[in-house]
Amino acid sequence: MTLGYIFRRLMAVILVLFVVTFAVFAITMILPGNAAVMILGEYGTEEAVAAMERILGLDKPWHIQYIDWLVGVLHGDFGQSLRLSLPVADVVGDAFWNSASLAITALLSVTIIAIPLGALAAIKRGSTADLIIGIFSYIGSSMPEFVTATMLLIFVAGPALGLLPAGGFIAINESLGGFTSHVILPATTLGLVLTAHISRQVRSEMSEVLSSDYIRAARLKGLSEHRVIRRHALPNSLAPAVAVISLDIGYLLGGIIVVEEIFAWPGLGRLLIYALENRDLPVIQAITLVLATVYALSNFLSDIAIAILDPRVRYA
Amino acid sequence: MPRAFRTAAGITGLGLLLIVMAAAIFGPFLAPYDPQVFHPTNRLEGPSAAHWLGTDQFGRDLLSRILNGAPSTIFFGLGATLFGVGAGSVIGVIAGTAGGWIDSIIMRILDGLLAVPELLFTLLIVTFLGGGMGQAMLAVAVAFTPGMARIARSSVLSIRTREYVLAAVARGEPSRYIILREVLPNAISPIIVESTIRVAFAIMIGATLGFLGLGAQPPSTEWGLMVAEARQFMFRNAWTVAVPGIAIAMAAMGFNLFGDALRDSLDPKRNE
Amino acid sequence: MALAVPAFGPANAGSKMGGTLKISHSTRIATLNVLSLSGPAEYPVIDMAYSGLTRIGPDSQPMPDLAESWEASPDATEFTFNLRQGVNFHDGTPATASDVVATYEAILNPDIPASATSVLNMIETVSATDDLTVKFKLKTPFADFPTSTAHANARILSEEALAGDLTKLDTVVNGTGPFKMENYDSARVTRLVRNDDYFIEGKPYLDAVEMHLFPDLAAETTNFLSGDIDVMLLVQQADYERISSAPNVNALRVPSGRYVNVVMRFDQPPFDDLRVREALAYSIDRQLLVDLVLEGLGRPAHDNILSPEFKFRIDTPEKAYDPEKAKKLLAEAGYPNGLKLNLVASNRPAIRAQVAIAIKQMALSAGFDINVETMPHDTYIANVWKKGKFYMAYWGMQPTEDATFNLLLTSNASYEDTGWKNKEFDDLVQAGRSTTIESERANAYSKAQELMLSELPYIIAFYEDVLTASKSKVQGYTLNPINRYFYLESVWLEE
């Protein structure tokens, strides 16, 4: 795990990020429609569409457009949204913080809940508690977000109970209470599958660890069960959980797209769907870059964490 | 039957899987009505003698639509996973066993591809290819490949240092033997377990794409599309959403449970 | 000949001043550029912030807006508009004839994208005879010109704004309408406040109007029913029943001429044969479509592009659902074993695909084997629209017969897509617009409709109602069937 290795990994990721944005760009150019067409819709005559394309800079050859964009990005300028006529940096920046507040809330809640749940299930393996946790896990990880979200909306926020707002968003710096009431349902939806997945992973890994020679030896040494679990079993069980968390961050970033759309949460997911529909290329590029960077960083950090936590991998 | 399958979880998983696979293979032939025919006088009804699971907004029989949609939903999951796992495992095993610079290059590329979150990757590919089941399946398979390659590789890596492999190396066995007889059989079990769980994922992603309008297109009976089209009628006839939603959950759960039971039974240490 | 019309509604007795009206909508307000926007939620905003020379009233007739009266020359080639005195833009600068001229010149400028061009392209010159008078000279006579000046995208901008950077129009609003822009956040809430300087005394009643974005219909509906939103801009057919039966809710159903039309191209087989077109027309059960797709919230149509609201509409014979007759017609046309076809439906709005699927099912027994092909909206616009052989189109209601015919059916129509190009029809439409004598217009338009009904360029199966809902405390709220005019200055809140 030398500094040089880390540096090379980072460079590779950066290179790929640009390849990805180039690919996104190239593919969009192949598409028959573009933002000008989407803005004017069926009320656009050929002249109007052509005029709009000129205004948006879409009439330039595509490699020029990409180079313009690239040069801009290297200067920190992500261009102008084609559909929203606002700077991309503003639009994506706002959306980013909104998504981050949702994702972090979900991830924190999941970690706090899932790891103890999994450990409990492993320790009390075969008991009723294990069974209940197991059933909950399986059902939770088998429901796609759009099903969970719809169910929650209807039953918790619907006219019958009306316990929580049916979608919408209040920034955390505007009102903590408002933010909390609006974040509960989307965070729960996002977290359900992750909680199930992670707790199952912890349970399975910890069961294996608990029956291993290493733990048997620790018990024979006379250490209390409590100590065995806390100091020996748990740390060794966490490595795959961390691996799963990092893979699940990818799942989270995907799940956030549907959840934001359904709960009207003004984050990157909702913005991406809107940008894709309207062929708003600069916004699509920026969001792809942001999401890929977040994901790559989280993978990278989790690799380091795994190496620290699992002695086997470190010496492989 | 292997011990692992005799647990409640294993039996449930196997049972669900059998139901779901039976639906996928025989479903369209078992459907009582043509899934596209309208019965307008009975629209948006709950279960009745004529329509066991009720009808949708056009008066189409929900049971027939579910049975008809089982193949597209299930085989989408199986197909996408098969391609993704196949391609990914090959790449991962090569990287894990070869080591050295081959491994480095492959890992570099994988890292890059893994930089894009799966659903986003799928979403981008499918938006640009236009909607449709074929395009969606390809997109999901491509999105799965790097993740599977990574798992295959790390499983191979951890096995390389296991006692039985080191013993074979010490015995002087040729590499091909080591790979085929020692590494692969033990590396395969995590791959198989992961695959069955991935099928559940693939089914859910396929349904999500159908829900977003980027996967199966109307009048297809794919289950995710059914949920999307039924959402606006949810209050008038909850069965229109519940039936496909539960079907998706059952299929995913079946594969998940089965995968776990499979892992428990394939784990060499458990069977000792 | 003077055509002065009284101003729309003096301040209503019983109205109360004050309050903020909260409106929910499910499509983004992506831009405020009044010249080129087309989003359903964008129209209410510009209806509040800007004025046109004229405006379409709830009775679908042009009423005074920025112009308080107008005159037409007897041959309908010259129109003079007299502007109100003392009107200011929101930034305080006076609104005069030169602003009107600048706006119309921008609309007619081919380098500036403008959606109103297609109804204003007969303008030859526009000039300001003095500060408060604008004169239009038309290339050809056009009796409905005051309706064209009421086009929702033909609202008056200041000369200053038009001389500057036009991209500012996307985000900056400076109009003469009853409300001023206070805050524009396209991701969440757009807020407008009362223009105290508005040219109609005593209006608007409301202090402010807020537009709240909910991209998900289920969340929007649930929020409307259990939250503090006052008006739900557009209600889906599926929710209408539930919403209208909720306590404290007024659901409004406005019959409109909005339609989904099946486009059949004339210059290629098989639709070059009238019998094939007729066969398809008899393969569709129109009442069933209204029941299934519109939940009964519409009226069956029998291929007349004009709905009963239009003044010069003729009685249209009903076409019953008759698959046997359709089969016979197909056989006569040379398809005794039926006909295989590919029907394209874009994914926006969803109603296109729903109607396509229903048609596919209904036409089976007549021998039509239709494959429904859906595609993303921009692909449809680029590849299929105006070119394709067989596809679903979707149009809102136009204010006049002339506008309807000239939008799609005449040979030079801006969005002509069937290849019909019938000279007799063109002449009849021209005759209808060139005179202001009612009986002559009626004659020309009824002949035009008869021609259209016998040649069958489109199949039009229903007229879709416009659906909206408000809480009972909202008074004075109504929608125009054209769905571009909202009259929010006449709304007040009864707390």
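Just so it is clear, A, B and C label the chains in written order, and each chain counts residues from 1 on its own.
To be clear about the criterion, a residue touches a chain if its C-beta (ideal position, glycine included) is under 8 Å from a C-beta of that chain, and two chains touch if they have at least 3 such contacts.
Nothing here was measured: the structure is a model prediction, and the numbers come from that model.
**Student:** Per the definition at the top, count C-beta pairs in contact and tell me whether A-C or B-C has more.
**Tutor:** A-C
**Student:** By mean C-alpha coordinates, which chain is most distant from chain A?
**Tutor:** C
**Student:** If you average the Cα atoms of chain A and of chain B to get two centres, how far apart are those centres in Å?
**Tutor:** 20
**Student:** Could you put a whole-Å number on the gap between the CA centroids of chain A and chain C?
**Tutor:** 41
**Student:** Take the average of all CA coordinates in chain B, do the same for chain C, and state the distance between these two points in whole angstrom.
**Tutor:** Computed from C-alpha means, the inter-chain centre distance equals 46 Å.
**Student:** Please output the residue numbers of chain A that touch at least 2 other chains, ranges allowed.
**Tutor:** Correct list: 31, 150, 154.
**Student:** Could you say which residues in chain B touch two or more other chains, in rising order?
**Tutor:** 127, 231, 234-235
**Student:** Of all residues in chain C, which are in touch with two or more distinct other chains?
**Tutor:** Residues 218, 376, 379.
**Student:** Spell out the residues on chain C that touch chain B in their complex, using ranges where they run on.
**Tutor:** 217-218, 236, 238-239, 241-242, 288, 291-292, 347, 353-354, 357-358, 360-361, 372, 374-376, 379
**Student:** Using the touch definition from the top, list the residues of chain B that touch chain C in their complex.
**Tutor:** Those residues of chain B that touch chain C are 36-38, 40, 43, 57-59, 127, 130-131, 213, 217-219, 231-236.
**Student:** Within the complex, which stretch of chain A touches chain C?
**Tutor:** Listed in rising order, the residues of chain A that touch chain C are 31-34, 36-45, 47-49, 51-52, 54-55, 83-86, 91, 94-95, 150, 153-154, 157-159, 162, 165-169, 261-264, 266, 270-271, 274, 277-279.
**Student:** Could you list, by residue number, the parts of chain A that touch chain B in their complex?
**Tutor:** 8-9, 12-13, 15-17, 19-20, 24, 27-28, 30-31, 131, 134, 138-139, 141-147, 150-151, 154, 200, 204, 208, 247, 249-251, 253-255, 257-258, 272-273, 276, 284, 288, 291-293, 295-296, 299, 312-313, 316
**Student:** Note which residues of chain B are touching chain A in the complex, please.
**Tutor:** 8-9, 108-109, 111-120, 122-124, 127-128, 147, 154, 157-158, 160-161, 200, 204-205, 207-208, 211-212, 224, 227-228, 231, 234-235, 241, 245, 248-253, 256-257, 260, 263, 269
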